[in-house]
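Just so it is clear, A, B, C and D label the chains in written order, and each chain counts residues from 1 on its own.
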Amino acid sequence: MQQHDAAPRVVILGVTASDAHAVANHLIAHALRGHGFTVVNLGTCTPVSEFAAACAAHPAAEAVIIGSVNGHALEDLRDLRDAKATGAIGCPVILGGNLSVGSTKDEGVHSRLYDLGVDRILEDPAELPGLLDEWRARRSAVWSRAAS
Amino acid sequence: MQQHDAAPRVVILGVTASDAHAVANHLIAHALRGHGFTVVNLGTCTPVSEFAAACAAHPAAEAVIIGSVNGHALEDLRDLRDAKATGAIGCPVILGGNLSVGSTKDEGVHSRLYDLGVDRILEDPAELPGLLDEWRARRSAVWSRAAS
Amino acid sequence: MTTEPAPPPLAESVDYIRSLGKESAADVLRRAAATGRVAVQPRCGVGGHDAMRALLGTLADQARPDLLTITIDSHTRLGHFAQARRLAHLSPRELNGYPLVAHGWRRGRELNELVGVPVQIRHGSPDARLMFEVAVASGITSFEGGGISYNLPYSKDVPLADSLAAWAEVDRRCGELAALGVTVDRELFGTLTAVLVPPSVSLAVSVLEGVLAARAGVRCLSVAYPQGGHLAQDVAALRAVPVLARRYLPAGVEVHPVLHEFMGVFPRERGNAEDLILYGALVARLGGASKLLTKTYQEAFGIPDAAANAEGLRLAQRANSPLLGFLAVDEGAAAEELAWVLAEVAELVEPVLAERDTAGAVVRAFAAGRLDIPFSASRHARSEVIPRRDPTGAIRILAPGRLPLSPETVRRHRAQLRLGDGPPDLTALHLELTADINYFPLLFGEHRPAPAPRAAAPEAGVRASA
Amino acid sequence: MTTEPAPPPLAESVDYIRSLGKESAADVLRRAAATGRVAVQPRCGVGGHDAMRALLGTLADQARPDLLTITIDSHTRLGHFAQARRLAHLSPRELNGYPLVAHGWRRGRELNELVGVPVQIRHGSPDARLMFEVAVASGITSFEGGGISYNLPYSKDVPLADSLAAWAEVDRRCGELAALGVTVDRELFGTLTAVLVPPSVSLAVSVLEGVLAARAGVRCLSVAYPQGGHLAQDVAALRAVPVLARRYLPAGVEVHPVLHEFMGVFPRERGNAEDLILYGALVARLGGASKLLTKTYQEAFGIPDAAANAEGLRLAQRANSPLLGFLAVDEGAAAEELAWVLAEVAELVEPVLAERDTAGAVVRAFAAGRLDIPFSASRHARSEVIPRRDPTGAIRILAPGRLPLSPETVRRHRAQLRLGDGPPDLTALHLELTADINYFPLLFGEHRPAPAPRAAAPEAGVRASA
């Protein structure tokens, strides 16, 4: 699954199934486009199945980037474990937002989310391009080792 | 120690030893005068000894009326027990105000004040004339029984 | 949670409502309007039934709000009742609201009976028919929503025609209840997507929803407007509500202006959040709102705990202080904003109201972008309208998209934004918009301001001086 | 409590103060004045040392005031140190403040080091010489009091000549400290007996104390004024402070207006008390106070607990909100009040300042009633001056007693009080005064108003409309 550096870099973006918060999604999509990414933005209220379908439609996608701010991340991502296990979502999953209900946060939620198949939890959307670049570099390193 | 109804009715008024709150004292003195009492007003910061001295100077006094709002009633009236026991203060003692420190009041303070020799704790200064009249009527009843 | 019996027939619920002997929300609003007080109401909802009882009890005790709320969780809002029921069972703390449909109307009655003040259901459901039945069976007759305002901010792909039809059913049900002598207070969610919503867009949507609701039989309307942050603009928007009601709604309908304390990105520091809460409450007083929905100092972090919620209410209640009679708004500025917003609302709603089938006209207008909202959660609005704050902090329209605003209106907005004629620089715009969204945290110095935008920089004004 | 070593020599205390590396109270006030913020400070004092540590810690944590306080108990105030020491030992909860002299300067240092902000001693001692030494040894250089203002409201029979002499010693000590590079903030207790104090009486006493203090070597004066309740009058009184300072005090002395949130009878209901607290804080902002002393919603009941104290501070801090730039006072009314109060202060202080020995002149003036305060706790003021509220709630002078007010001033006050020419009816006056004292509880409808007075009834105005 090698990629040309010149080929457009695709990411899949969306907000979790029960979450209608749109503003961060609009802004992140815009920022990633500004960084040269092709953003497949599934928008708000996106169930895991819809992320999986987008992965199928865009096999070159570098990552699925999911936002969740209404506190329902755990429940909304319940199906992620299966989607990752079956390969329905093959690329890494980045998650960010406000990941649990309440004003004091229990960090146990993060490990439960990693258990579900999230690959990286970020705070600040500004970290996205850097992380995507880092992963691409590591992928290239793996491929060149395979090619050598 | 019989009294003529026509004789001026005397009361001794003052605020406890450590207490400088003057306003209630001014108003109570004025109100009692309006009810026809002769008020010996010792004012603020009056130790028990000064109340006792006033009793000696005004043997006809019907009552010693003490205010305390700064929360120090118990400490300021420590000498009252002796003054009552020795007869240095012979007439009944009425106490009112804000009798302990703090915004939530422990009613135990009242019984400790009664133990010290306070005869009646009142909330509202408006009750003073009624109480003084009631006590006078009861005194008269005792005297007339004694006379008969 | 046992299996829930179907809600009783309407007449029985009406009897139950009467038997409660409570003031209705409409009564409370009417009294507030008559006495010039602002009724104060929290948002509050947690997943578990006992937790919800405790929450309502604490708020009633500690803050004595004029109305209470059952805020519904996101799953229920979207009609995912099974999911809501499962969580209510297994892990109610993971719900961001009270799953009323799952808990059922008998528990709804229990909550209603727990408190002396009327209770409102606040949710965000494009299709609220079942929830409305459960609410009425619970004896609750204050119900937020609308076919536009509970669709576009709250779901991705529900056609407007569907949500309008579902809400028309709810509104007709309100008419039936009115005929039975029960006035339902129907609050319209003019807050929309809450972030940088131009007042005319908010009010236009409420006018259209109000017209549809009144036709369906609703007799008491609360028109909610989200505090934007600019005093004269917000006061004008609230004062516009009765004017618009006289202009566009039948005389028999009571209409109450309602202010939602700032609904966008809240400052994180407690003191700053409290400054904003108090400011919002004062705006409600100055704008003549009948009701105020409060926020808490925990807003930036998550659903507040009961204590923080009560403190937010108590702070907001200070706006009803008899000692604040000296507060005043710049009446000239407010009058100017009022004239502008009324003209803009007319430009937006009158073409729609000119058509015969209003609901259909609304659907077509949104499809064509002649009605539009910024930052839509739904595909059924174009979000081509782009707002910005002007140098004084007021929310203006940078790009009207396809809104049928007059050239004069468009020019005025551009002038207020100190814009030249060229097209906006998109990268700069993104930074500027982000700064506008973070207006209050920035004003309080909580974040470093975004890199200086390349387009016309703000000049004087609140932000610059902070 | 072990036996306390004598306080160290002044130079050593100065080194200690420097070593603390803290801002001084004077620094905080200067910064507040420069930035237009109002510094916020609680009253707080409890009997036990550990309890006092906990109290300061809680307030610092939960409310981040700009300054903190050690409020002293009544026994210590009156010099009954043995009694204070006994109670500090046996039953510290029975003390209404912190007995600093009993606990001693090493514990004073501990308290001072506990918090990052400067600490002030607030007491009420006609003779504070020992307490001042303990305070300075504790590294505390903000000290309230004055030879008039800490005598007449706080003791029964201390001759003014004695208290003035004792405070002259304290003030000379401040001069010594100034020479060593340490600025002591000396707050003058213009609040006096707190209840219905006419602004000119408060300010006149502060001017005289200020003149004496400056001559003795004090370089930083805080002039405290007690909120009376009438916006324009209170704002004018605060604005009068810098004018009076320019007029009567040497140029080298820094002078800060300080507002004491309403110091009279407080409403009992929490919400009403909080309305008054917020109002007071806004008055401080509008009047340009450098500092505000806060009250709590428990004021009517007793010494507040730490949580209530912190809440009072947090509410008052809202007055510094950057969102309240729109607040304004009726500038015409404030200017009028300012002109009046300046004229009255001149009428009161200039005859005294015209004499050669100012302290002696003060003593003679109080003895003769040419200076006077209402409701004096002390025999050394006549309390012939009788205040009343006018129909708008402003505090006026019903009977000037022997105050050397001009006939014009006297006539104006009587006119403002809507008085005829006859002598006042004393029974009615008593009821009216009581109503004026209970102004805020009555305004909030907490008590039934006292029976209608027989004299001229209030007409329009705040009270009537409440």
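Everything below uses one rule, namely that a residue touches a chain if its C-beta (ideal position, glycine included) is under 8 Å from a C-beta of that chain, and two chains touch if they have at least 3 such contacts.
Predicted, not measured: the structure shown is a model, and the values here were computed from it.
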item: Minimum number of chain-to-chain contact steps, chain B to chain D; value: 1
item: Set of chains adjacent to chain C and to chain D; value: none
item: Centre-of-Cα separation between chain C and chain B, whole angstrom; value: 62
item: Whole-Å gap separating chain A and chain C, where each centre is the average of the chain's CA atoms; value: 31
item: Chain centre separation in whole Å, for chain B relative to chain A (CA means); value: 80
item: Overlap residues in chain C, where contacts from two or more other chains coincide; value: none
item: Residues of chain A engaged with two or more neighbouring chains; value: none
item: Chain-level touch network, classified as line, ring, star, complete or other; value: line
item: Touch relationships between chains, expressed as pairs; value: A-C, B-D, C-D
item: Touch list for chain C against partner chain A, complex; value: 74-75, 77-78, 80, 83, 87, 93-96, 124, 153-157, 193, 195, 298, 301-305, 308, 375-379, 383, 426-427, 430, 433-434, 437
item: Contacting residues of chain D [partner chain C, same complex]; value: 64, 231, 270-271, 274-276, 278-279, 282, 314-315, 317-318, 321-330, 443-444, 462, 465-466
item: Residues of chain B that touch chain D when the two form their complex; value: 18-23, 26-27, 30-31, 34, 43-46, 70-72, 74-75, 98, 100-105
